[in-house]
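Below, chain A partners chain B and then partners chain C, in two separate complexes.
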Partner chain A sequence: MKKTIALLVLLVLVSGCQTGLFQRKDTMQLPEVNIGTQGVEPLFIQGTPPREVFEGSAFTMMVNLANLGTRDVDDGIYSLSYEQQYLYIAGQKNQGRFVVRGKSIFNPQGEERLLNFAFTTKSLGPQLQGYPVTITFNACYPYVTNAPLIVCIDTDVTGKKPGKVCTPQPQTFPRGQGAPVAVMSVETKILPHEMPNRARPEFVITIKNLGSGQVMASQLYREACSGRPLGEDAWNVVGVSATLSDSVLTCAPETIKMKQQGDTRIVCTQPEGIETRLGTYTAPLTVTLDYGYISSITTQVNIVKQ
Partner chain B sequence: MAEASTKEEKPSPIAAIGLGVIIFAFHIFDLLVLRRNTLVSFTIIGVTFAAYLLFAIMARGLLHDKSRNAFIWFGAMWLVPIVMGLFAKYVQNVPVLGMITIAAAYFPLFIFYFYSRGALTTFLTIYFIAWVAGLAFCYSADLQQYASSQNIKLGFNPMLTYEYLVSWGKNAIMSLFTAAGATWTMTQSEIAKTISAASGDYYSGEVDSAAKMRLGVYIDNLKASERMFYENTPVTIYTTMRAETIDKPLDINVVCEADGQTRVKPRPKEVFNVITSDQSDIDCIWGKGVLKKGTHNIKLSAEFEFTTRSYIKSYIMNRDRLREYRRQNVDPLQGIPDKNPTAIYTSGPVRIGMNLGQQPIPLGNGGEALQSWGVTIENLWDGKIEEITNVMFFVPKGLKITNIEGVSVQEVRCDAVPEEERESCDDNLVSVYALTPEELALPIYKNLVTKSFRIPLEISDPEKVLGKAPVAVQNFKVTAQYRYLIERTTPITVSEVTVSA
Partner chain C sequence: MLGMILILALAGCTATTQTKEQVFTQQFRTGTEGLYMRFAQNLPPTRLFSGEELAVVLEIENRGTAPIGGPGDRIYLSGFDPSIISGISPVGEQIPLLEGRSQFVNQGGFDTVSFKAITRILTDRYPVRILATACYTYETVASSNVCIDPDPYVAAIRQRVCVPANVGFGGGQGAPVSVTLAEVDASPGKTRFKIHVQNVGGGEVFRSGGNTLNKCGPGGELGFDEVDYVELADVSVSGTSIRGSCRPLDQGHIRLTNGQGLVYCEFDRPRGEAAYVSPLTVVLRYGYRNSLLRDVEILPST
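The block that comes next holds the complex of A and B.
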């Protein structure tokens, strides 16, 4: 009896204990929204348009515009290309505008817009048993890549001081920054300055288009969705700016024409330099890329005789 | 020692069997291709010739034979299926046809095998006897019928066989002439196509794969109701005709004639009106005594008006923009499934092939030239395009046909296109051009084998062509209306009736 009572008391006492093993995890990690290599991605909703339709019948094509990047698009443009000899859109234009918000910590999926197109098929003409009609949807929009990075600034150019908090070394970012054009790597160099007691930081930034579309100068994205030419200097053009802590860096060139194949390098520097007395420390480097982008998708609908 | 080395040099049976299998495959290929009557057939004949030559050289090497025998044997074997292909439709005895096929296929193998063993002469003797026996067996029924018709009692009668062979030989000679005529026409057609292809003036296409129907008129080979005909019996020749059409009824005029002059009305009727699809047995019956004793060439012809339509998809892009894409090394047709569209034509006796050059087509400013459009109209079947009655070219609005070198065309509106096509023709979307009646009256449009057009295009309104999209998908079409003639011939022999005492 005594043993039973002692066991019950022990159980009551133990129940008040909390061990690490049974501890509840009340904390949640914030979603990583600043990664990814996509911007506004158009996608045909499954089953639309149908693979096969009869001549003289109507069908709907639904395009989902999902902003899978981090930047809001307030004035995007879409255009539709189809064979007018076989298809007709009732009461709609084949060009229009769209607004779609980007990913954020409050909306980690990004916003989606659904566009509906009501097509009517025309007569195939005699003898022809079927015809595969091609429909292309283009989405053109301005976009910005914002890459916040932490770099190591070591003003000890000679490298004689011991016990530093960090060492400048190349950093790579293969997962992107939530935009189709990504900062792939940053290499930090600290160079001697003309003035004594100062050092000049220099950053070699490598960028690349990791998306499936084409890059153009940001002010020309509207033309990209039309049939007009943009001019040879308009394609693959990206505006570059960068800040180190609160200081604006000088990037050369400020507008760069990206290479179609391989990486493109930009050098950003702080001409006035940093005082060497600040020693070695980590600082936020923000690289901003500004451009226009076009994403296209194509599908085929087979029109058949009834 | 010397004997051992001779044994080593003999070809192995496995090599000979392998060779035989390859030869058999080539033979079958020959036969299949020769019956298709296409441009490829000449190429295939050339390829098989090269293969046979190679086999002959191999055989000489393996057998250490310095004579020309291997070349002769293999040359003969190359020719057998070709000749057989040409004459196949005139040989009506199925067992004989089968024997020829099997013999042609395996003969080189036997030659190769027995040649290497020095037993070729024995083999050939047995082979010859077997053939004669086989033929005698196959034709014994004919011989008996012939004897019965002549009121000749069966028994030992060498003259009967002689007479029968004379009669059979006459038929064979008639077949030879008919086949030679058909071969000459086919050769001319193939030469014309080859010249067109060689001069780069030939544009290809594919038949509409969605077509479940075989449009047009198909006639089987003619068959005789009897093995032998006599002056006191009617002569009946029959065949089966199948016809399929959509959207427009088909009127088929059928004519039966013997030796190009003695016409009879076909049964059940002369004019067949087909709304969708029809299959009819047609009999041509010459009353008793109409066809006199001798060999006659029977011909059944079917003439009908038909239309073939063809289209080719094209991707059109602003010239400067396309240049920009190319300089950036960007594929302007990224994501488009069919980057090099081919012309698709409706099924029937004529092929309309087309080509628009490299895609996408660069579009310049108004008044500038667009890359030319190539069109080939080609007779696909073994009949004749008697007359082309109408050819229409449909180009997207914003483009125009200026003038085709040496060809007279005129712009027409959609109300001038064939009635059944008007619904799908919109003057706001297409410009229509037709060959003028004067142009179509020229002799080149009669009995046409192949005709190519190189059509220069000019940009009249680039915005209309391109619309508001980076790449415009447009459609070029051709419609050809024509009268087509299909002929089937067969020789028959009418024998005299002799009354025995």
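The block that comes next holds the complex of A and C.
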């Protein structure tokens, strides 16, 4: 026993002397929250609504709203659509508001909200033995894709200088930026400027809706959940802005209608150019995409006679 | 046993008393480096938070034989966005005077150059590659004995002290640009030299002079007609300059292609008629640029 205690004491002393013997050498990694292709995702809680309910009875439907993107939603709208001939919600409205915070380094999972709906089935009438009712839950919200990218600015347009820290080249971002509309790629071009000792950076930005919902003009997201038709021009509309370091870029077009199929390209430039004396360096390019989004889920409830 | 201890003690005493340092008089013009630089440990750190001060310290050493630190010899930092990392002068920092190695000093000068910058508060991480660029004027002095035979094709049989042959300059001359070979071609009354020059230092060589030195930094732009040129400052045989005979020269400079250059020189004033050994000395002057990279990640502090 004494021997064991002595050995333990020795071990503690030795570990104390040798710094780092039992220390973790790896540095803490911050969670990567700026990736992903989802926004606010609604999900029916398992077992709700039930598959079958009797006519004239009540049932509960629970929906979990999870913000899996990086943007906070402070004024989201949800709506329920169903055949009101067979179902009604007692004491509740078919529409409501929601607030869900997005992912952050302090909350890498994103916030969730649980919505509870108490339905009552109506009588089927003498003709029907059963009836399948479809319930659709829509979440409509404004969202912003904020893509912080690092690009190479090489003001040596003619390529005279050797030993550069980087070379402008196309970059792809297949994992998204924590939002359903993603910047897929950025192609950096450094062009000669009309003024001497300056170079003009140009960025060809490719965007795509990688989420499961639909994109609309940001100011129309409320209408999208109202059930009123929006018209073809309202869908797939995204506002685009970009900054390079501290400078706001000129993007053309500033509001773009995304293609239904394939990628959509936008060109952003810095008309005043960059001084060539700055040489070659890496700089943050931040692309901001502003839009409305609708995510929908559907389920079916079979109403049967008692 | 006592005898053994006594022997060991005596051996120890002898060892300490025998450490007589030899005077460093061996050939010092060796090596292919000029200015050597490295980042001091953790300066810059590999990671720091935005808003913190960024300190960069470069340890520099003159590993060649020519002095560094004259006017225009500077170290620059670049590769970063000046709107994020500010406070670093675009005109760089003066390199302190660093003596080169010499016959009596076997180590060149050593010093540090410091930079301090402020980082802007960021909301996203900013990975940056910091480039340190040193620009300085340097000189190569290459000397070796060559055989001068004023009459190599004489019919009479006579004793010669040497036969003209090519001379190799292996191992460099304590400078990043080396004279690698001197081909010797003796003819009656004239000895021709084909002198091979090579950039062996791993950096970029450019025309010497303050004008080009000022353009060497990241903000400047050395032209195609300025890079890969080495000034032929002098070529002498037996102390007599033959630089005037050297061809081809572009404003006194040798053009390097793929890091290598050639110049042809003639010596037409041999002494007497017998072959003799004489020193051939080549002096090159040039601007030189070394660079060094360090990756730093600036993390958001919010």
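Convention: the second predicted complex is superposed on the first by the 278 of 306 C-alpha atoms of A that agree within 3 Å, B and C clash if a C-alpha of one lies under 4 Å from a C-alpha of the other, contacts with A are read in each partner's own complex, and residues count from 1 in each chain.
Just so it is clear, contacts are C-beta pairs under 8 Å (C-beta built on N, C-alpha and C of every residue); 3 or more make two chains touch, one makes a residue touch a chain.
Note that the structure is predicted; figures quoted are calculated from it, not measured.
Clash-free side-by-side placement of chain B and chain C is the outcome of superposition onto chain A.
Our angle of interest has its tip at the CA centre of chain A and reaches the CA centres of chain B and chain C; in the overlay it is 140°, to the nearest 10. By the touch criterion defined above, A:K122 reaches chain B but does not reach chain C.
In the superposition on chain A, A:Q214 makes contact with chain B only, while chain C stays out of contact range. Once the two complexes are laid over each other on the shared chain, residue contacts for A:D156 go to chain C alone; chain B is not touched. When the two structures are aligned on the shared chain, A:A90 is found in touch with neither chain B nor chain C.
Ranking chain B and chain C by residues of chain A touched puts B first. By the touch criterion defined above, A:G231 lies against chain B but remains apart from chain C after alignment on the C-alpha atoms of chain A.
Within the superposed three-chain model, A:P148 lies in touch with chain C and out of touch with chain B [touch as defined at top]. Between chain B and chain C, the smallest C-alpha to C-alpha distance in the superposed model amounts to 35 Å.
Within chain A, no residue touches chain B in one complex and chain C in the other. Listing the residues of chain A that touch chain C in their complex gives 27, 30, 34, 148, 150, 153, 156, 160-166, 245-246, 276-284, 286.
Residues 47, 78-84, 90, 122-131, 133, 204, 218-224, 227, 289, 291, 293, 299 of chain C are the ones that touch chain A when the two sit in their complex.
Contact residues of chain B toward chain A in the complex are 208-213, 215, 246-248, 307-309, 311, 313, 317-321, 323-325, 327-330, 334-338, 346, 396, 418, 420-421, 423-426, 429-430, 463, 466-475.
Touching chain B in their complex are the following residues of chain A: 79-86, 94-95, 122-134, 136, 138, 214, 224-232, 234-236, 260-261, 294, 296-298, 300, 302, 304.
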